[in-house]
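These are the structures in question, set out in turn.
Each of the next two complexes has subunit A plus one other chain: subunit B in the first, subunit C in the second.
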Partner chain A sequence: MRWIKLFVIVTAMLLVATTGWAQQSKLKIGFIYVGPIGDFGWTNAHDVGRKQLEKAFPGQLETFYVESVPEGNVEPFIDKMVRGGAKVVFTTSFGFMDGTIAAAKRYPDVIFAHASGFKRASNSATYMADFYQIYYLNGLMAGALSKTNRIAYVGAFPIPEVKRHLDAFALGARAVNPKLTIHVRWLFSWFDPAKAKEATEALLAEGADTYAFTEDSPTVIQVAAKKNRLSFSHYSPMQRFAPKHVISGQLVHWERIYIDFVGKVLKGTYTTQNLQNVDYWWLLAEKAVELGGQPGQAINPLFTGRLKAAKVKTSEFGTISVYDLVNRRLAQMSKNPVAFDPFTGPIRDRKGVLRVPAGKTMTVQELTTMEWAAPGIVGQWPGEPK
Partner chain B sequence: MEILTWILGTLVRGLAFGTPLLWGSLGEIYAERAGVVNLGVEGMMILGAFSGFAVAQVTGNPVIGLLAAAVVGALAALLHALVSVTLRANQYVSGLALSMFGLGLSGLLGRRWEGIPLDHPLPEVTVLAPLGISLAVALWIVLYHTRWGIVLRTTGESPAAADAMGINVTLVRYLAVVFGGLLAGIAGGFLSVAYRPSWTEGMTAGIGWIVVALAIFAGWDPLKAIWTSLLFGVLFHLSFRLQTWIPPEPLQIMPFAFTIVVLTVGARRGGRVRQAAPEALGLPYVRGER
Partner chain C sequence: MRPFGLLRIERDPEQSWARTIFVSVLAITAAFLVAGVIFWGYGVSPLRAYRVIIQDTLGDPRAVPEILLPAMPLLLAGVGLVLAFRAQFYNIGAEGQLLAGTVAATWVALFTPTPGPLMLPVMFLTGFFAGALWGLLPSLLKLRLNVNEVITTLMMNYIALSLVSWLVTGPWKGPSVRGFAYTDTFPDPAWLPALAGTRVHWPTLLLGIVLAALAAFLLNRTRLGFEIRVQGQNPDAARYAGVNPLRTTLLVMLLSGGLAGLAGVGEVAGIHHKLLDPNQVSLGYGYVAIIVAWLARGNPLAVIVTATFFGLIYSSGDVMQVSLQMPFRVTDVFNGLILFFLIGSERLLQYRVRWVPWKS
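This part shows the complex of A and B:
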C-alpha cells in the first residue's frame, strides 16, 4: 500500500515537472489590441494573423491577447503580459508607440514589435502591411466604372496613412479618366456607423457613384448599395455584404509578417540586441496585402466585362483595357523589387506644387509622413501643406 | 430649385437621424419625470438594435423585429428599476453598469449576425418619424392634461407628497422606467432595422448619451423633444454635408457646441431649464426619510 502511494506521488510530481518544463520551453507571445476582436477591420485582422501564427508553429509557441486596450494606457497591460511570461509582445496600434518603447527599456530581455509606428529600439522592431498600391488599383477600376465622373472617399482621420491611400486612389482613378473628381468626407473616428452613414448620404447627394473608405464597418458599402452605387471593400472581406455592388477591395494578411518575424526569433536571427533597424514595410510583393473584396478573387467577376470594355491609353503598354491594365500593374507590383510604383514622379499636388520629381519614387519615410492632396481631390484637407 | 432640394434633402436626413433621438429622449423624459435618471440608454438601445435585427431577419418582418426590440429594451430597463428603485442603489452607477452590460452582451450574441444586410428593412423616414412625432404630442397631452400626468410629475417632484396622496411611488417609477426602456429599445431597433439596416457590434456609438443630453435640453418636455431631436439630426448631417465649404474639425463639434450654447442661453432666460428639472431627480425614495 505504501509503495503504491509513493509511486503515485512520484508519478504525479514527475508529470507536473515535465508539463511545467514543456510549458516553459514554449515561446510565449502576447498581442495587445486596440479594438474588440469582433470588429470588422484592424483588430480582427490582427487576431486572424495570431491564429495563423499558432498554426504555423504547432507546439512551439503559445499566444495570448488583450483586446480593447486604451491607446494612452498600454504599459500596465504590457507589464502584465511580461509577468505572465511573454518573451515576444506585439502592440498593434499607432497610439501604443511610446508605451512600447518605454516598456522595451524596462524589459531588455523581451522582444517587442509595434505596428504602424516609426520608433525602434535594440529590442523593439516596427512593422506595417500597407494598402497604397491596392488603393491605386482600386482607383484604376473606379476610373473606368464611374458614370458621373465623381467618385468618393469616406476617410477616418486626416493623417498621413489615410491621405496616402486617398492620393493613391485618386492617382489611379485619374490615370484612367483625367476628368474625374474625388470627393472626400472626414469622420474623425475609426469606427462610427452613424457618421459613416451620414457622410455617405452627403456624398450621394453630391452625385458620387463609386465609393472607397476607411472605417471599420461595412456601412459605406451597404448605404451605397441601397442606392445602387458601387464600392470597394475595406480591410476585411466585405464583398459578401453587397455582392452585386462591391467591385474589389483591400485585404490584409498580418500572419505573413507574424510568421516571418516569429520564425526568425525561434531561429535566433532576431534577438533583444539587433532590432534597431528591423522595420517591416510589407506590401503586395511580400503578400502581406491582397487585392480583392474576398480572398482569392481580385476582381468581382460581375465587373470583368465592363472593365474589359473600357480602354485606356498608356505610355507603357499602348491602348489596353482597364482590366488588363489592373492585372499588369498588379503583376508589376507583386515583383520584388517592384517594376512599378504609384508614387513615381513627376507628380504635382492639387495646388500645382511638384511633390515627386520626374524619375524619383517616394521613399518609405516620405510615404509615412506625406500630407499633400493629389489632383482631382475635392473637399477639405486638414493639414494641407501650402 | 437647387437650393430647395438641398434644404429638403438636409431636412429628410435630419429627420432620419433625429428619429432614434426622439424615441430615446421621449423615454428618458418619462423616466426622469418620475424621478429616475437612467444612464443605461446606450445599453438599452444597443440591446434593442441587436434583438430587433435578429428577430426581423429570422421572421422576415421588421415590425416584429421592432416589437422584440421594445420588449428587450423594457426588460433591460426593468433591471435598472429593480436596482435603483427597489434596492435603492445609486441611479447613476446602475445606469452606467446597464450601458456597459448592454454593449458587452449584444457584442457577444451578435458575432454571428455581424454585417449581414437585413432582407426586409423598414423605410427610414416614413414610418417611425411621423409615429414618433404623434407619440410626442400624445405624451405631452398625457403629461400636462391628464390625471396620470399629475401622478407622474408629483412622483418626480416630491415622492413624499405623492406617497401622502396615496400614489404608489414604487409602481409609478417602475412603469415610467420600463416605458422609457421600451422606447429606447425601439430607438435602437430603428437603427438596425431601418437606418443602417444591418447589425454591427457597438453600432449605437454614443447615440444613447446624446439622448440623455437631449432629454435635459428639451427641458423634460415631450413637445420640445421633437425640435431638439430634429435640430440635432440636421446638425449631425450638416457636419458632413458642409464639409464641401467648411473645415471638418469645427463641424465635428458643431452639434454639441450648438446644443451647449442653446442650453446656456435657455438657462439664462429666467432659468427655465433649471425649473423644469424634476425636484427629486436621481434620489431614491424611502418612506419617512428625506
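This part shows the complex of A and C:
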C-alpha cells in the first residue's frame, strides 16, 4: 500500500513539473533590477510599475524579473531571460548600460530599454522619470517652513542626478528665503540606513530643521521626526512613517513609461529597427512623477495653514502665499510644453560662475551632466567644477 | 565508543581522502534535501526545481562557462588562502587584497604609458604586489606586536573598500561616464581575451590552475613548504628546528595577498574593464574564498574542485532567480545550508564506523 501511495505521489509531482513547463505565446517581458524588490525606493518602484503593466494588458503579456543583479553580471542574466523567451527586456540601473548595449548587439530580435543611461541602439531605447521639478517645489515649501534658516539634504552619491535634485531643492528654498543655507552630507550608497542615520544626526547637530534626501529607506524621515524635525518623503510613499512631520515628497510612476512603451511594442510602433532615438525623459507633464508623500495628496494637510500664512514676493505673480506659489508652479510644470522650468537663467553657482545665462533653460543633455552647486549649499561637493 | 549493534564508531587516527569526499558528498546531499523542503514551501516542486537548475547550469552549453566566472577569482584567492591557513595564519583579508589588486591594475591600465603588449603582464604583476602589500601590514603587526591577524586582515578589507569608493567617486572618476561613479573604460590592450562566445577570460583561469599546481609543489616538495607545514602544525617545534617564523609567515602572507591581488586584476581586466563601486567589483569573492580554501582542506589542487563547486552554486542561484522566480536571498539560504551541513559533518571525518561481529 505504502509503495503505491509513494508511486502516485511521485507521478503526480512529475506531472505537475512537466505541465508547469509548458510554454505560452504571450509577449514575454523581463525586468532586471539592481536592488531587492523589497526596498523602499528605486527597485520597488520599478516592480510596482511592472505589476501595473501586467494589469494594463491583461492576457497579452507575461512579465518576469530578477532582483539584486550585480552590475558586472547583467549580461548572463539577460542571456538567461532571452533563453527563457523574453522579447522585451528592461534593465533598470545605470551600471547595466554597457551590458545592455552588448546584449542588444547579440540579440538583434529582442527589444531592450535601459533606465537612466545615454547609450542607445536600433533595438535599445533609454528612459528616465526625473524629479528635479518636484525637488524645486519641495524646496519652496522647505524655504517657508524652516525656522532655523538651515535645511538639510542627505545625498546618496555625488553624481549629476543627485546634484541636479539638490540644486533644484536649493533654488526653490532660496526663492522663498534667500538667507537660508542647505547643508549636505553624502552617503556613497543608495541604500544604507545606518549611514543615513549617522548623517541625519550630524545634520541635526548642525541645526538643520527640514530634511530632504536620496536613500532607499525612510531612515532620514524617522530620525528627523524623533527630534520633531520636518522632512520630505523620497521615491515611495513614506508619509506613513511620520504622518505629522512629512510635508510632501516625490513619487514616481514608472508604469506610465512601461505602459506607453509596451503599448507601442504591441501595436508595432516600436520594433527592433527604430529605437535609436527613442529616449523617454518624462516629468510632471507626462505624469511619470508626482508631488507628495502619499499618492493623491500633494501637500500634507497639516501644513496647509502654515504654507498659506507664509507670503513671498515674486516678479511673476506679485506677493502670494507659498501654498499658492507651489500650486501655480505645479500647474505650470504640468503643462506640455512647460510654462516654467526651475533651471531658467540667470543662475550662478555657489562660486559665482554664471551657469545658465539669462533667458536660457538647461537642455536635457546639460541637466544629465550637471556638476555645479547652487548658491546656499554648504558642504563637500566632490567633482565641483572650477 | 559505545557499540551500536554490530557497528562500532571509533576515533580514527588517520584521515583518508576517500572518507572526506564521501562525507562531504553526503553533507551536500543532505543540504539539497533540506533546500528541497524550502523550495516546496515556496511553492516550487523540488523535483522541478532541481531539474531546472541542472538543465540551466550544466545542461546548457552556453550556461556552463558562466560557472567558471565566479570560480576564477575564488580559485586564485582560495589557493593563496590555503597557503596562509597551512601556516596557521588566518588571513580573512582576501577581499581587501583583491581590491588592492583591482586598484593597481586600474592604475596601470588608465594612468601609465605602458605599451600595449606589456599592458596585461604589468597589470598582473602590479596587482600581485598591491595584494601582497595589503597583506604585509597585518603580517608585520602579527610578527612584531603579536596583534591578532583575524582582526587586522578583516579591518584592512574595509580600508580597501573605502579606498576604491573614494577613487571612483573622486580622483579617478571618468570624464566619459557623465558624472557617475566609475572610471573610464580601459583601453583595448588592457582587456583580457575571452573564450569565443563566452566571458571566460581564459588567461586568468590558466594562471589559477598553474598557480594551484605550483602551490601544491611548493607545499609538498620544497624545503619552504616543509617549513610552512611544520610551523602550521607546531610553531614551537618549528622554531626549535630552526625555522625562521618571520620569514615563513611573511612569505606565505605575501603569496596569499598577491594571489588575491591577481584575482582582482582578473575581475577588472576580464569582466568590468573599469573600476567601479567596490561592492560591484567583487561579489564577496574574498570572503567566499575562505570557505573554498577551508573545504579544500589544505590542498591547493583541491581548490580547483571547490572553487568550481562554488561557481556552480553561484550560477544555480542565478537560475533559481530567473527560471523559478525565487527571491535573490534564496542563493544565500542555499549556500548557508551547504555550509551548515559541511561544517556540521566535520566531526564525522575524525571517526570511522567499523563492522564488529558479535562476540560473546
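What we mean here is this: the second predicted complex is superposed on the first by the 361 of 386 C-alpha atoms of A that agree within 3 Å, B and C clash if a C-alpha of one lies under 4 Å from a C-alpha of the other, contacts with A are read in each partner's own complex, and residues count from 1 in each chain.
Going forward, a contact is a pair of C-beta atoms (placed from the backbone, for glycine too) under 8 Å apart; a residue touches a chain by one contact, two chains touch by 3 or more.
Since we're looking at a predicted model, the values are computed, not measured.
Of the two partner chains, subunit B and subunit C are each touched by A:P36. Residue contacts after overlaying the shared chain place A:E67 against subunit C, while subunit B stays out of touching range. Within the superposed three-chain model, A:E201 lies in touch with subunit B and out of touch with subunit C [touch as defined at top]. Touch criterion met: A:F188 reaches subunit B and subunit C at once.
In the superposed pair of complexes, A:P295 makes contact with neither subunit B nor subunit C.
Once the two complexes are overlaid on the shared chain, A:G305 sits clear of subunit B and of subunit C alike. In the superposition on chain A, contact of A:P385 is made with neither subunit B nor subunit C. With both structures placed on the common chain, the touch criterion links A:M238 to subunit B but leaves subunit C unconnected.
By the touch criterion stated above, A:P178 is placed in contact with neither subunit B nor subunit C.
Residues 36, 158, 188, 382 of subunit A lie at the contact with subunit B in one complex and at the contact with subunit C in the other. Within the complex formed with subunit A, the subunit C residues making contact are 45, 47-48, 51, 56, 60, 62-63, 66, 69, 165, 169-170, 173, 178-182, 185, 199, 267, 271-272, 276-277, 280-281, 283, 318-319, 321-323, 325, 327-329.
For subunit A in complex with subunit C, the touching residues are 13-14, 16-17, 20-21, 36-37, 64-68, 70-73, 75-77, 79-81, 83-84, 94-95, 98, 118, 157-160, 163, 188, 368-371, 382-383. Interface residues of subunit B, counted against subunit A in their complex, comprise 6, 9, 13, 17, 107, 110-111, 114-117, 191, 195-196, 198, 200-203, 205-207, 236-237, 239-241, 243-244, 246-249, 252. Looking at the complex, you find that subunit A touches subunit B at residues 36, 38-40, 158, 184-186, 188-189, 191-195, 197-199, 201-202, 205-206, 217-219, 222-223, 225, 238, 241-242, 378-380, 382.
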